[in-house]
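Chain lettering (A, B and C) follows the sequence in which the chains are written, and residue indices restart at 1 in each chain.
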Amino acid sequence: MDFPIELLINAIIAGILLGGFYIAVTVGISISFGMLDIVNIAHPAFIILGSYLVYIVNSTFGIDPVLVGILMLPVFYVLGAAVYQVYYLSFEKRGQEALRGLAFFFGILFITEVGLILVFGVDYRYAEAPYIGPALRFAFVDLPYRMLIPCVISLLLLAALQLYFSRTFIGRAIKAVSQDQQALALMAANPIKIKRIAFGISIATAALAGAFLVIIQPVEPSVGREYIGRVFAICVLGGLGSLPGTVVGAMLLGVVESITATFYGPSWAPAVAFGFLLLTLAFRPAGLLGR
Amino acid sequence: MRSRVFLIVSIVAALLVLALTQAVANNYLFFAGYVVLQFVVLATAWNILGGYCGYVNFGSAAFFALGAYTSVFFHKTYQIPIPFLMLIGGIVSGIVGLGMGYLTLRLRGSFFAIATLALAVVLQTLIINWDYVGGSRGAYVIRPNTIQVLGMAIPYIEYLFLLMLLLAVAAIVTARVIERSRLGYGFATIRDDELAAEAAGVPTLRLKLIATTISGALMGMAGAPFPYYIGYLEPSSAFGLAYAVNAIAMPMIGGTSTWIGPLIGALLLGTIQQVATVTISSAVNLLIVGVLLVAFVIIAPNGLVGLVQQRLRAKEQR
Amino acid sequence: MTEPLLKVDGVGKRFGGFVALDDIDLAVLPGERLGLIGPNGSGKSTLVNCICGTLKNETGAVTFDGRKMDGLAAHQRTILGLARSFQLPRPFHSMSVADNLRIPLLYAVKARAGAALSSTQLDEHCVEYLRLVGLDHKARKLPRDLTQVEMRKLELARAMAAEPKLLIADESMAGLSHSEIEDILKLLMQLNARGITIILIEHIMSAVMSFSQRLAVLVSGRKIADGDPQEVVRNPEVEKAYLG
């Protein structure tokens, strides 16, 4: 039998590139859920919001989408800090984050999606840039630029964050607050402020992820929901709060999704992520790299 | 009020509602009323796991759709009267709820919530790829115009309305019976402090599984008549976001600690939405629900019932 | 030689790289009054959690009443007769003080006895336990209306309401006045006289010394002494680590 080895290799490579993009999508949750224990299921909504904002600026002014994403980082940081402040005052302080915090983020997810539908409708939107379309070719291997560039920048983003969390004072304080809030308070650092900074960073990454998303594929408001499962699947697979784990989980998911889509059809792809998530939660909730 | 008395009172209330609909001879009332009653069931069912036990289910649409697609499956295979379809739908959804619970309830509540989201998507993907029940193209369910009930011919929609009314009564009575029982106390301890509950001898996993099963089963029963109501079932409407958000918003706005909250939330929000969909647009109507959910969760976390209770307590202390 | 009611064999527990418990051996005879002391962070509560099933110990075994506890959930151990109070009170916030006591009666006691108590019997039991700790006048109140001290008493009462064979009282006396401490001690003595084995974990040395028949000392996850209270406090290691 003629095993389609070229198809398989392309699928794997595409999966790796996809995995790189997934890193950018997930790293925010690694911070908010993995380190701060905040179940922000609205994270994909912020990503989609980012995508639409990038789309507007890109189609109006013709500015490169990745550049727009970078310019939006501070905007989204402020947004994230504001959201955390509301979350903290309404829920964390009162100790009710379990039920009500979840409902809160679900509400935000929902409002964002419906709001986008009302403003933009359900048509697909996409960004325009010179590198969307052409691809790098090595023999039979296709490396589309629109996948390659987000992948590379995602890895850089992850490396930068890893450095931040291990070298800077605030970065290490953020890692510390996930272990022991009381100890942090004793160190005269304000845990609330630290968490606010961390959550701000988490949402800021969504700006960049949103830019990548609209480069890689056309977006419409409900696309965000497909990513909820992916994001948490990667997080749980890689072990909560571990940035290197995020790479492993993202790559693994990307490759499996890619192979599934290539050989069984793209309509099965969403089930892959969520199926992974269910299986991991059921059998190895500490993740592959365990904690 | 003892449970038996409550049952009688609710049946009487249901009969009154029925009498009212007979007085106003308008079929539209049945169409709209069916949807509101459906939400009463969904909200009450959600609250058994969410409000009583504190475990949030984001995938209510999945259990609802399971019931609906079970009906479609049988419609294509072998016609069965709707009441039986409801039972089967309930059993199927209940079993899935049990299975999912068994996989995920040993973990933290937040993991369970995420798993419910995952389940909804997995089920939707499975259904989309299953051509026998229509796949992504959807399935048509032809329903008759009238049906014989107790020797009388009544409009089919009135028949569906009746069934949903009965289910709503059953759901509310179930919720109330649970609330006042040993089971209800156990649920409350899980919500308040699961660790302390275990230490006090409460078999938390078993109780959570019971809650998930009952909740899922009721949602499945609510979904079973849906294909007959709507005539054409396709995945995006069955798994629609409207069900997920309403199932959460209605109890949280009404009040999660008792059976009254979901009922009030469903009646209020359900009616508002029926009006809004007709007058404004369905997207704006969903937006309103979302905004109300967030507002209530921040400002009035115990819902409308909670606000009333606060007022009463303030009066008592004066 | 009587079989111990509770046997802890080589129990160990780590949190990541931190060793919370290191090879703990402990035996408690039926009807005994054991005192357990140690500095903060020495692993006392972790040990209690492992014994009661709230945490899983990595090494070693816990045997209660002749049965191995491995794999048994916390609620099963409570049903078998092992009850504990939490160091930081964990009341059920949404229900009244009396209802807080109903829970162990409805679940632990019922599971053990098989037959259900009638509603009136339940109420009577609840009131009785509340009276024992001096909280009967607050039966209808919610936990948030209680003082810190009253919450500790509620915590202890809830453990008692599970009608255990062995009761672990984890720092129930913190913040109590001298007379209140006396009351609790008297209560614990009464329970012990009824045959209930008691492990008392406390920092208040006078209470521990007057109550315990035997004293065990935990320091940095290891048991460094175990025996007659008077001898244990004179042990130089104990003096250095704890009393000094």
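Everything that follows uses one rule, which is that a residue touches a chain if its C-beta (ideal position, glycine included) is under 8 Å from a C-beta of that chain, and two chains touch if they have at least 3 such contacts.
These numbers were taken from a predicted model, which means no experiment stands behind them.
Any chains in contact with both subunit B and subunit C?
none
By CA centroid distance, what chain is farthest from subunit B?
Greatest centre separation from subunit B goes to chain C.
Taking each chain's centre as the mean position of its Cα atoms, how many Å separate subunit A from subunit C?
That pair's centroid distance is 46 Å.
With chain centres defined as C-alpha means, what is the inter-centre distance between subunit A and subunit B in Å?
Taking the mean C-alpha position of each chain, the two centres sit 32 Å apart.
Hey, what residues on subunit B touch two or more of the other chains?
191, in rising order.
Okay, in this complex, where on subunit B does subunit C touch?
On the subunit B side, the touching residues are 182, 185-186, 188-189, 191-193, 195-205, 257.
Inside the complex, what are the residues of subunit B that reach subunit A?
Residues 50, 54, 56, 58, 100, 103-104, 107, 109-111, 113-115, 117-119, 121-122, 124-126, 128-129, 136, 191, 241, 245, 248-249, 252, 256, 283-284, 286-287, 289-291, 293-294, 297-298, 301 of subunit B touch subunit A in their complex.
Can you name the residues of subunit C that touch subunit B in the complex?
Residues of subunit C touching subunit B: 52-54, 73-76, 78-79, 83-84, 86, 90-95, 99, 102-104, 106-111, 158-159, 162.
Which residues of subunit A touch subunit B in their complex?
33, 37, 39, 41, 86, 90, 94, 96, 98-100, 102-104, 106-108, 110-111, 113-115, 117-118, 222, 225-226, 228-229, 232-233, 236, 267-268, 270-271, 273-275, 277-278, 281-282, 285
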